[in-house]
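You will see two complexes here that share chain A, one where it goes with chain B and one where it goes with chain C.
So, the complex of A and B:
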């Protein structure tokens, strides 16, 4: 460990200088941790009895492999028969073992943690390359049973951004970010108790303030993208995905494979800190998640004998094709289907600014359909004004109201067109907050509601209300100055006052009459069918 | 010679007051004058009517009713959306009828023309009947109007006192915009119980902000949400308590815009919707007139003039009120207790005389 201590000094120094850890330093770190872990396990078998008590205590705080928490500590932890598939269990089991602390080893414990975690993840990845999902953090109920069946096991890791109220998860994330040398963004302001499991950031404190310039850890295109996301300059599901893909194209162009590394593995590892960084700037959307999955798959499928230049060109073309197929051509197909649904004399209601819905309306207007549009907008984002500008520029006659006036204006409306951020597997539509309200009032007035969504936004998550997984925007956006008076200016000083600025909400499928996708016009409940077909294709 | 207001020098004072009141009404509604609550408006109207009864020249009940009707028509024409003015006038007219009937010695029931039997047999009171002169009528009328004023002063307190019957601890209550009645209601319950209030801000005037600061200063756990998030958070709400501008004759509401959405969301989640409205807000109007029901203010609030290049090509609406049908309402809490919406028409007959429904 003397050797290890000298190296930690080096590593600390290089971290503060903002340089990336060199390959040798990383390898040395790994070796040292392996050594410590071996020592630890020997100690564990001696002190397994006292370790069990501490392990049980930790089990209540964390979410370790549930199966490993059941068995007694008497037999060696490695020999515990885990009901879960063996590699993840073997990976998960050393985690609690290494965490059973002998008090003297406390400072080295954290490194052993990291090391064990990374090893666990590597093993899991290697073993379950074809399987879906990681078994890093199973559900809190503790059951790791994934019964073997024809259906893919859906034991997924719960995303970090909906577990902010769990201090263990927050600590793990902090360690991971530290390893990737990305600053951690801190929450801002008083959070409403119903949403204490979500992050709430302030727009005035962007993440890039904590990065050195120039940052050698993160590619500048990604830094710029992260800033654009967090300040709201690039907003909207399609826009964010396209910007992300373009940034990744830039990263691939500037990438060179280091010696003794394979492009397929190294590039994926290079992308991981970028994705963490973007996640910190603004939680990833479902469409971005799907795009990233696609890219990672494409990269790992590059054959090892492929030359670097060829591989890069191949990847760039893949991304180009993805954007073209999934977004541009999909929009054209959806517009073609939707125009059948727009007849002359229609009064169409739209909400906020959906690039797809705007595209449809412009296309329909060019095809000489006679209709007029009512744009409904809501505070604090006021995105409807942007949609209004685009439509008025085309020459479409528009009306503009706020969402509180929607029950006044609905008797005039013949159809409602809504955009979506994601379509969930149980048929719920996740979209900008306020969409469910519009669908509700439209249903009360018997006006048909049509949702337009590309298939790359379909996601396998299920959700029934808008609380469990959402995004909290900057609460200061709600403050408004009217007639020189700002009521909520000092809301932070008042202890019992909270401001809630939600970004998304979910619309139940019974409010939606039709979903128009590039595969055709389907009911809301057919989303899992489409997902299954897509998975079979891939 | 028709008795009028302009006979004596002392009455010029009265005319001035009426004109000042009318111009206040005109300005107040357009948002430029001082914003006044309904209770204040009701009190001022009643005080003015008492002054008319005291100072104007009249010799019999019919003359007084004629004077009040004329002035009343002018007042309601100045600000049609301010229904409390019209309601108070109708109350006072009913008071005059009652006092007249009492002076004549006949009991009040015979004046009511509600049952078909009475319609056929009694033949109804004609205008002639009000021409009899009674010396004590003036004093009686003024005393009755004073009672009405006392009742008006106590409405908020009466409603407040019922708060603990309807709010239990650890509840989540939702409200929209700013209602002084609901504010007093919640603050009274907060003295003994701990609960959480969610306030929808009600764009574009954002009166919800003022309500939220006021409630949080009273120590109530408050959250401000945007109008767009009403349905999203409704699943966690236990009760919705709102105020209203007017209660219509069929039990429906004319309330601030956004209330209909709130009511629909509450219905969808089977959350009870409670309306705190004092009795002077009850109006004998029905919601069928499309063109007179809604009131609009300057769309500058919605799309400001800074968006100049699209302003000229776009229609912008800024309605102030919403109609809420009685099926969406669970309970009315007023100063005389709680009622279901289906009972409202009955209360109307106690407050107003059917002949006064049209001023």
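So, the complex of A and C:
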């Protein structure tokens, strides 16, 4: 039936070769199809093609791809709206149901009947399309991402937080924040030119200065969280995600659905300004981004006939489960795998304070492995002191050095355990600044580097250098006072001086020997596989 | 809702009996606005929409008639208590316990300040504190206080405040009166915070952020009657007490003994210790932050009860509870207010010399050849010719006849100063009359 309609060479080629059509070819296809459709409508209004026309129209509306995936795609647009909320699905269901028998019944019915049937079907479809357009659309576009996205002009939208030197983007952000009634945090101090595309905030100018007390627009738990992020009280990718989900739990508990609104849609809209606020306090981490995506998905999947109390309890349980599975149990699994890699007599080097690596070492110590640890630390955060405290408290014998001494101490080291902030899709490890240096030196000394990372920190971004996307911390943190003298006190007045306080850097996969995740021990290059498997699961 | 504001306006003004003889303290004019208008203005500016005002019936009546109070756009929920009931501030909080649904911000009616309130509230929020308060470096009042002969010894006893190295965590608070034979600090505090800064020259602004659990605790512990005098030192001490830091299982055993010792039930003490939910605990464990370093303890030393203080070193912060403070506040009121110093309805003749930091109230009449410098003149006051007013506070409805010379005085409402009187550092009560040609120095007249 398809061949009868579309007989352009392109379609034939693509069908036989299975190649993706180029943009122009697809546009051409679309135009031709429209023409054919117009002709057909004029000519064979009363023939039995209304079934196919219906399918055409439906596909045109839902999936502007005139691509070769049409025949196999035909069932999928109908299948895809199924997970969407029942009312649209309920309306959508009769439409495909009616379409399926239509071709079979075509010759039996009279032309008038067919016309009436067609009109009824069009009405139903229009009604369902209205609802589907809102809710069902994200679902199909999410799953069938590849074909539709290639039709639109390929504009890779850069995230806002790496376009700070583009005044238009900044203006758009300001407008968006104004709409959400969130104050805009202004940048502070001179930015080094290579990083002028990133935000740089001062800790002494918190966002709460511009908020009213008591905060009414933003839930108090979120204000507290934002403050804790910007002051560094909650730091570390796991801690931030857990704190975020805890705050969302409180938001959900205090939430009441306004009349004439659905919880599944309204709650997601409520969360958007909170997320903007948190982003202004401190740029979101990859783990937080994944947690937010999960929560939004769970909320939109709440069936609309679910009562509010039930829905809330369901969501709270989802959050608990997520944390339990992705953080707590994952840590246990990773510890189990890592302990296999720690042998007696090992000298393990760790950098900074990674909650996961600390957990692993404590577990290994409890399992009576004999090893000692070298903690490497760096300014200005000096997080290694906290790691040192936790390890020594357990009874592990530790050495503490600054990163400047790492090449001196490496000959003693047998393994390097590093934590990660995120694992990028091309196998690069994004972690605290200094990690790539440690990995490089370790490689030079042929010391194995093991990165420990839970799978929920895997993100689909791709980065090969630390400049493109990073975070700039408060430059005043670099200022140190010794013996009452602060040399850098007036650094802003010196025109040629800039203070740069980077937070993250990326380590290429060549320096990483093994990534230990809750799914097992994988090489760095297998990260895209894990991501793909994760997406299929979802 | 995040915070509920409570304004304590039932205090007597026991330290300035001369002024509060006729007018209750919350309604004393400062910069031609009632004293309680200033903290209300601060709350309104910051974004509060409702305030619970605890006051007496007398003040409530005056509030309803005062035009300046009508400027306050917030919803004021006035709760009246007995004047002579000897109710302390904590008793007042207990009285309104039913209205308190969330954390409270308690403000005293005599606080005049331009503090950025978010500094105090941010400490309360970020550290999930039980108490956050505001203090300020004290300023010496240099002006001579009218009506007092000679330098009066400040009978007030010093407050000792101990803070940690960051200057934010409150470790120790005691008043000289409570310390019998010296200041003793527990070893547990020294072990946790080896470096403590003890300050004495601080003014407590009586602005407190308290957790809701504290209000519930007050409801059960009726023996605490004053926030500043009893509740605060108790909370500060409780930060380091063994019961709050020991795990709960041990406390069950100690329950019996504690009950008899304290006279108050142990379970209510545990109420104050914030119920840190397990997720919060998990987040804190995983976070690589600590508020101190050098010892093996986790952040906050595992303590659930935390008290914080924000010490202002710049900006205005006055508690108008003495005559000297009242005068100083009036002098600075013009800086605080955004309104023009001279009320538009005042009639001021052209030949009047007026200094820039004087405030003239509504419907005043100031005649020729007068000189008004660094003074506040209330509403409906008449100042006749050739009068010289400097460094003084003239309240409402006063009549000053010709040729008077008033320097450094406080003249209360409806007084009449006779012709040619010469007053220096005098305090004239409500409705009093100073005879013509009278010459007075450092006198209080009632």
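Just so we're on the same page, the second predicted complex is superposed on the first by the 379 of 538 C-alpha atoms of A that agree within 3 Å, B and C clash if a C-alpha of one lies under 4 Å from a C-alpha of the other, contacts with A are read in each partner's own complex, and residues count from 1 in each chain.
The definition used in the following text is that a contact is a pair of C-beta atoms (placed from the backbone, for glycine too) under 8 Å apart; a residue touches a chain by one contact, two chains touch by 3 or more.
Computed from a predicted structure; not experimentally measured.
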For this session: Considering only the touch criterion stated at the top, classify A:242 as touching first (chain B), second (chain C), both, or neither.
Result: second
Exercise. In the superposed arrangement, which partner chain does A:494 touch: chain B (first), chain C (second), both, or neither?
Worked result: first
Exercise. Which of the two partners, first being chain B and second being chain C, lies in contact with A:36: first, second, both, or neither?
Worked result: neither
Exercise. Should A:392 be classified as contacting the first partner (chain B), the second (chain C), both, or neither?
Worked result: both
For this session: Could you say whether A:208 touches chain B, chain C, both of them, or neither, answering first, second, both or neither?
Result: second
Problem set entry | Touching partner for A:166 - first (chain B), second (chain C), both, neither | neither
Exercise. After lining up the shared chain so the two structures overlap, which partner does A:323 touch, if you call chain B first and chain C second: first, second, both or neither?
Worked result: second
Exercise. So, A:466: does it touch chain B (first), chain C (second), both, or neither?
Worked result: first
For this session: Identify the overlap between the chain B-contacting and the chain C-contacting residues of chain A.
Result: 385, 389, 392
Exercise. So in the complex, which bits of chain A are touching chain C?
Worked result: 206, 208-209, 211-216, 220, 223-224, 227-228, 231-236, 238-240, 242-243, 245-246, 249, 323, 327-328, 352-353, 355, 383, 385-387, 389, 392-393
Exercise. Inside the complex, what are the residues of chain B that reach chain A?
Worked result: 201-206, 209-210, 212-213, 216-217, 219-233, 235-236, 257-258, 260-261, 264-265, 268, 294, 302-303, 307, 310, 313-319, 322
Exercise. Tell me, which parts of chain A touch chain B in their complex?
Worked result: 192, 194, 378-380, 385, 388-389, 392, 397-409, 432-434, 436-437, 440-441, 444, 465-467, 478, 480, 482, 487-488, 491, 494-502, 505-506
Problem set entry | Complex contacts: residues of chain C adjacent to chain A | 1-4, 46-48, 105, 116-118, 121-122, 125-128, 277, 279-280, 282-290, 293, 296
